[in-house]
Each structure stands twice: as C-alpha cells, then as structure tokens.
Amino acid sequence: MKNKHVVDLTDLSHRELMDIISLANDIKAKPDDYLDVCRGKILATLFYEPSTRTQMSFQTAMLRLGGSIIGFDNPQNSSVAKGENLKDTVSVIGGYADIIAIRHPGEGTAAAAAMYSPVPVINAGDGGHLHPTQTLTDVVTLYNEMGRLDNLCIGLCGDLKNGRTVHSLIKTMSTFKKNRFVLISTPELSVPQYIKDVINASECDYTEVTSLAEAMPELDVLYMTRIQRERFTSEEEYQKQNGVFVLDKEKLRYAKKTMKILHPLPRVDEIDVEVDYDERAKYYIQTVYGMYGRMALILTMLKNDERVFAPRIMPTHPFRCSNPRCITKSEKYLPAVFTEVGGDMLLCRYCDGRNLI
Amino acid sequence: MKNKHVVDLTDLSHRELMDIISLANDIKAKPDDYLDVCRGKILATLFYEPSTRTQMSFQTAMLRLGGSIIGFDNPQNSSVAKGENLKDTVSVIGGYADIIAIRHPGEGTAAAAAMYSPVPVINAGDGGHLHPTQTLTDVVTLYNEMGRLDNLCIGLCGDLKNGRTVHSLIKTMSTFKKNRFVLISTPELSVPQYIKDVINASECDYTEVTSLAEAMPELDVLYMTRIQRERFTSEEEYQKQNGVFVLDKEKLRYAKKTMKILHPLPRVDEIDVEVDYDERAKYYIQTVYGMYGRMALILTMLKNDERVFAPRIMPTHPFRCSNPRCITKSEKYLPAVFTEVGGDMLLCRYCDGRNLI
Amino acid sequence: MKNKHVVDLTDLSHRELMDIISLANDIKAKPDDYLDVCRGKILATLFYEPSTRTQMSFQTAMLRLGGSIIGFDNPQNSSVAKGENLKDTVSVIGGYADIIAIRHPGEGTAAAAAMYSPVPVINAGDGGHLHPTQTLTDVVTLYNEMGRLDNLCIGLCGDLKNGRTVHSLIKTMSTFKKNRFVLISTPELSVPQYIKDVINASECDYTEVTSLAEAMPELDVLYMTRIQRERFTSEEEYQKQNGVFVLDKEKLRYAKKTMKILHPLPRVDEIDVEVDYDERAKYYIQTVYGMYGRMALILTMLKNDERVFAPRIMPTHPFRCSNPRCITKSEKYLPAVFTEVGGDMLLCRYCDGRNLI
C-alpha cells in the first residue's frame, strides 16, 4: 500500500481497493485459512465517543484473524480525563498496539492521529466528516450481491445533505463506469453541490427526485439512511423531515425482484420491520460483509509493519482553520496545514474545511 | 441438543443436563484437553444491565476454551442509545459472533432474542424471570460436593418469594428422586403456590419453617440467598425483612459436619464473614463450578453451528401481554405469542406472565 | 520468587528485580519466543478507579505473552454496586483468573486483596500509596537507556512531596551504588524527611535545589513529574505550584547531549511539546519498556501457580488505623495488623500509616 494510514477511502488506489475486496471474498470463502494470520498482533480501538456497532465490527475482524484487542469506549474512563492530549495518547498506544482504529467527534482527528502514530491508523469516524470503513462495507456488499461495481442504478434515500456515508459512497462508486445515482430526498436535505461536481466529473450521472415510490422501478440498489436527530437545530425541524421516506411492503411492490436494499444501520423507523422478511433486504448481511472488509483492510495494512517512534516535525501555517468542529480547535499544538485551492481559499488538511483568507 | 437456545434450564432434557454436568467434570479434571476446542469462535456478552460477576464467568468460560469475547455492559455506550431495537442488535451481533449470552431487565428478553438470532442464545438473566446458568452452577456444585443429586435434604433460606434462583433450583431438583426441601423464610417472603405445586407433582416433598436454627440439624445442603433491596416498595419493608436470617458460627454449631453452604453471590450481610473460614462454606468454590458448567454449556451449544440469517415469521395474537415488565411492552414489533392454559388464561411465551382474557 | 504477591517493589529481592529486568530485555530482543508462554492463562484487571494507561499496559503485556484478559474499569458497572466487599470480589475473581492486577483509591487495598486472593496479586496503584510497576518501568528504562543502574546523577523535578512514583524510584535506586539524586522542587513540594533518611542510610546521596536550569548541566537523567491537581486543597494552591517547572527547548540547551528525559505520563504542561522532537526525550519509549517490564513480572509470578482457596485467618489488633484513606476504613472485616516501630508507634500493615497509640 502506498499509504500507511486509511483516513479516507481515497487513501487507497483503485487497484488497492479492488485487492482488498478480493481478499475479503477469499476470507469469506476460506475463513479457516486466516484463523492465525494476525497471531501476536494487537488492534487498539480508541473510541472517544461510543459506537458499539463499529467497535464490535473492528474487534470481531481482528479476533477472527487470530489477533487480540485492547481499547476504550468512554473518554470519562480514560487518561483524557486527566488532561492528556491526543498526540500523547496515540504515541503511547502506538507503542502497545500494532494498529489503531480511532473514532472521535472532532473532524480531522484521524488525520491528526496519523501524524503521530508509529503504527497504522484507521479512521473509524471523525464527527460528520469521514467514515471510510462504512463505505468499504457498502462496496464489498455491492460487489458480492450484484456481481459488479459498474453499470448500476443506485437509489440513495433520506438525509443526503448531512449523510457522510452517502457522500463517501457516491465518491467511491463514481470511480467505476456508468453508475447512475437516483438521489431521493426532500429539497431541504438534498446532496450538496460539491458531490454533484464529483459525479459530473466522472463517467457516471445522476437524477434528483422527491418520491421514493416513483424512483423504485428502475433501481438495482436502494440505499436507505437514517435521518439523524443530532444534525438538526430544533426538534421541530427534525420531525418535519423524519418519516417522509419510509420503506414498507407497499412501496416494495414497485421494485425489481432482484433489487437489493442496503442501510448503514442503526435504523430507527425508515424501514418498516415487515421488510426484514423480504429476500431483497440485505442490511443484516451487509454488516457481515463489513466484517470481512475490515479483516481484509487490517491484514493488508499490517503488512506495512515498520514502526517509527520519532514524531515528524511539520511546518505550520500562520492561519488557523475556522471550522468550529475541527480537531485543531481543541488540540492547540497541531501544526496548521492547508492546501491552496485557487484564489484565497485554503483547504484544512485535517477536516477538509474551506477557509477564506 | 434438541433446542438451539437455552432460555430456561428446562430447554435441556434431563439426559442433556446430565451430559453437561459430566462434561463440566471432565473439563475440571483435564482442563488442558480443552484449551483450544473453541479456537476461532466468538462469544458476545450483551449486558443491558451491569452484572460483572455473571459477565466475567461467561467470558472466562469462553477464554478457557480457547475462544474470544466481544460485548458490552452498558447500554448508554451502545447503539441502543441511538434507538436501535433488540431485533436489529441481535441480528447484527449474531453475524459477528458464534454464540450470544444476553442479560436484560425486561422479562422474556432472552426468548425474544432467540427468535431473531442466527446463532445460539444463552439467557444470562432477564429481570426477575429466569437465570438458568445460575441453576446450572448450583447443580454442578451439588453433584461435585454431595456426589449425587437425589435423596438430599436441601434448606433454602431468605427471600423465597422473589428469588428466581430459588424457584429455578427447586424446579430442577424436583426432577430428581426423593429430595426434600426445607423452606426457611418469614411468612411474607414464602415460596409461591405454583412452586409448591411443582414439588407436589414430583417425587419430592417440602416443609415450611420460620427458624433457621431449628431447621439446621437435618440439612445436607443450606442454600442462603440475599434479600434484594430492589424487590421492595419501601426501605421500611426491606429493613423489616433484612437481617431476620443471618448465618453465623453460632447457628452452624447445630449443623451436620458434612453440610454444604451455598449462596449465589453477591452476599451482603446474610452470611457472617466468620463463616468463610468454615470448611462447610462452599460459596466461593461454587463460582468455579459455575465456570466449568458454563464451559460445558457453551461447548455443547456450539456443536449446533448451523447459521440461519432469515428471521422467522411468527403468527401474532390480537391480545398483548399485561405484565408491565414484559419485553413486549418496549419492543412493540414482537409478535404476541401465548399458550392457552385452561379456561380464559393465556401464558405469555416471553415472560411466562399469566393473562386473563 | 520468595513472595507470591507484588504489593510494593520491595517484595522483590535485589536479585529477583535484576532477573526481571534481564527477562524484560530478553523478551524485547526476541518477542516471538514468548508469543505463547501464557497460553491458557488469564489476567484479571480490577480497576476500581479508571486508569486507561496502566490498564492497557497490563492488558497488552498479557496478550503479548499469549494469555487472555478479563476485568472492569468502572465500579458502577460491577457487583460492588450491589454492596459486595473486596474480599468476596477477590475470592471469586481469583477462582476465574490466574493472576490479578488491582487498582483502588483506598491505601493498602492491594495488601488487603493479597490476603484473600488464591492467585498472585499485582498492585496497580492504591491511592497515593504505592505503584510498583511504574517504578519497574522506570528502572527497565534506565537500564536500557543508560546501560547501568549505579553511578547515575538523577534529577527529579516537580511535586516531590506527594509524588509516589518519585518516592518509590528513590527507594529502589538507593539500593544501587553511588547514585546521586538532585531534588528539584519548590520548598512547599520538597521530598519528605523519611525519603531523605532512606538515601542517607544508603551508598547514595542527594542535593536539594529550586532551579531546574541550574541543575541541568550535571544530570544524566531528568525525571519530570506532573503537579497533580487532586493533591491540593484549593485551586489557588495548585495554580501557585503548577507551571513553576516547565521543561522547554531553552532549558534543554544547558543539558548534556546524552541526558535522558523520563516522565511517568500523563503529562499536562510540564514538558513543552517542542521537547518531544528532541532525541533526549524518552518518555514515549519508556511506556514500551514498561510493557516489557510487566510482561517479565507476570511471567515470573505465574511460575508460582499453586492455588490456595481457603482464606487465611489472621489475628486482629484491638487498635484501628487512623489514616482516613486506609482501606480498613471502608472494609470493616479486615483484621487490624500492625508492626511496632519503636515506642508507642504502630505501622499499619495495609497503608503503612503511622499510628500513635
């Protein structure tokens, strides 16, 4: 692998991603061949906010490779409560473990952790920013259930504005040929322009619709998402959006017999429990594909096992990122690092926030 | 095993129970033979309420068989906090793990989980309802310490009204011949009638007494239990009952030299710490027998390793269970399932609650 | 080993300590030789107060020896919440695990646990009293980084009054020849007299200074410590002491090129992050040495694998220890045990508190 860490799925080349999918399928076909391949290796799961689902998926992946796990899921119980900074935590745990999966509410945290960790870092979610192993899960599922990753008509439904899994899936699937995205949302929760720009620059295209039932007949895949209460400023705003799109047996009558229903889980009400009994429902088995995807990713990243204990010195920019959720707000020692993107615009290296000088 | 899951100890036939006790003893005698038998297998402990004692016993059991463990002990840190239902949690974790041990305050939860889990489920306690592996612990202890499970004079002392471990132990020991139960309690906390009915229908019998000292001389076994504060509506009611029966050195003077003292632990004050130094005290070693019992149970259940991912569709009854602590109160999608027990009475399939139509 | 438990580092003879350091170095050199040496063994980490750093170091140590781990880090989630005493918890967990590492806010807790545990107990910190594996970490680091444990000029800086790691390090390094301690602190936070007495009784000596910059040129080792907020009665007192001694690049200009900087971590502000990039900074690698030290300690202690389930009966003194933080205050059943130390003075066996009769 060209990169040591996986902060975003774009850290993997197209070739590397395909290799990981192949490896995931080989593990799924012959799990007994992989029972011991990570013997003596340790995965640390540093979860600064709880996410049992994701943490257990990583833990299971490592255990099924014969490795071991350490970690925490609660910052109140950790050295953080004594005022320790991210850099020290990552430096020390990077001395104990062979690979780190980190989740944190601060945007850009995984990028910051990767700067200091002597061992490979996997981003297990940094606020509303990135969550690459969810997208890996989705891609492994699509490849297995559809037999291909191109020429698909993919419906995406729910909160397309805030949903990071949706953005990341579109970005990745746009690198394959002739996929068509049907974006199903209310106008308030439609896909941001920069995601449309990504599709426009690719060999794929998209349509935007506001009715799930009308979109249904042409879909090869329907990717449902939860409307997340925490993304709204008022309960009223949330209630207005929640419940607009609910997949039930009635709506499924219009779908192809071969359509596959995906969902990143947890769901709340957006898929009726009746749908669970439909053969097209793939959201439970999707989590199992996710486990195989994470096994393949961990195994691939551990091949790069050179440890470097000396932290790198990076030049710091005089300007500070203005995104209030950026990790550089709370971890003051982090060097400010930006990419210039034309004119007076700076892109923050951590959170991808756009800053006008 | 005829059943895939163990929700109640009655899910095991008499023959299967004896086989598990034998296996527990074989593991105890030759632990090194079992160091790797669960290699590559994962136990998930889903503890929706904390119970370190029980959780650690399950974890230790799996680790000593060479398996691995995942799980949680705190619903605030889990996906449950995002509104996920039991069915989804069990469906997903059942894709990660090979066997599940579940504990939950809602009565009937393990039965509900067993309906949806692709892998075997063990009930690790569902509210005040059932806790089969505690009874397995007690039975393995009795078999080892007494050399037999019949012809025993068994004193049970404390809260015999609310104590689920007491009810379950009586039910199981009543299936063996000529056991005699000496029920030692205040009138307020005496054994419910339906438990007496179980004894009456068996080849065993019982007496009810109110003095621990008077009962002592004839006992082969004394099973002490804690008066649980949480079972009482007022602190005053609790204090009135607590401390009535305390086992101390003085009372032990009347006991047989070969009597064995058991307790499901944790204890509070009902056994004086002085008694710990008496050779008849078996409540510490009892927890070790429990570990061997759980090892034997896990190993036996894992032989049934066919995974079924499609959830079963069950017909639902128009009536809903009226027990306020029944799991169907909070998990609304669960089909109502009842057994008719004569006349207008329905027995809830989950919590065993009796409902008059 | 002459002692079964390690409550204080003095439980190890000088010879045993050197053997453990040698073993740590051998594990570090040939980790693959030790991948399976604790196969089938279980370490229980009983953390009655959170300390992620220490707990993870113990867990990693056991996992890298091929063993398994159980434990808790949160008393609210444990049986303790049901009123269970330390003795019962240790007795039961000692039936599940093969070795116990315990951390507790009560002074003398590890000594109390060792009285009842059927398996070896390691003190992982008992309040402000003892923390022997931190000192083991420091000694393994010094041996590796300096090549010797005698003839060193060791600066100790920060809170020398309350810092248990400082006291313990001085006591241990005083058993080696011709070490010189430079004690750098404000007058309010200087080393207690009894520690000076230890040095005076040894082949080592000490000087006390109040300036870090002035002390710097002669030091072979600089051991920095955190000023702990929780040791001060008021925020004002804390702020007056905090920030007096901060190690930065400027002060380092006066130090030897070969000096080594140690710190028990976590740090707050007492070492500037710039210093992390200096080759003399050894506080990150120090935690890795700590892991090897704990591996060697666990492996050595597990050689003593005789289990004794019967708790010992100890004679109790009519007098009770007056230290309000002593574990005997909350665990009333503990026998009062004292050593007479001249005149009317009694030394508490648990917390080392001095009591005047």
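Each chain gets a letter, A, B and C, in the order it is written, and its residues are counted from 1.
In the analysis below, a contact is a pair of C-beta atoms (placed from the backbone, for glycine too) under 8 Å apart; a residue touches a chain by one contact, two chains touch by 3 or more.
Small disclaimer: the values here were computed from a predicted structure and weren't measured.
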Task: Interface numbering overlap (same over half, different under half) for chain B and chain C - done: different
- [ ] Fit chain A onto chain B over the CA trace and report the rotation angle, somewhere between 0 and 180 degrees, nearest 5.
- [x] 120
Task: Chain centre separation (chain B, chain C; CA means) in Å - done: 41
Open item on the list: Can you list every residue of chain B that touches 2 or more other chains, as numbers and ranges?
Closed with: 74
Task: chain C contact footprint on chain A (complex, rising order) - done: 39-40, 42, 44, 68, 70-72, 74, 76-85, 87-88, 91-93, 95-97, 309-311, 313, 333
TODO: Provide the residue numbers of chain B that touch chain C in the complex, in ascending order.
DONE: 31-32, 35, 50-53, 56-57, 59-60, 63-64, 66, 73-74, 265-268, 273, 276-277, 284-285, 287-288, 291
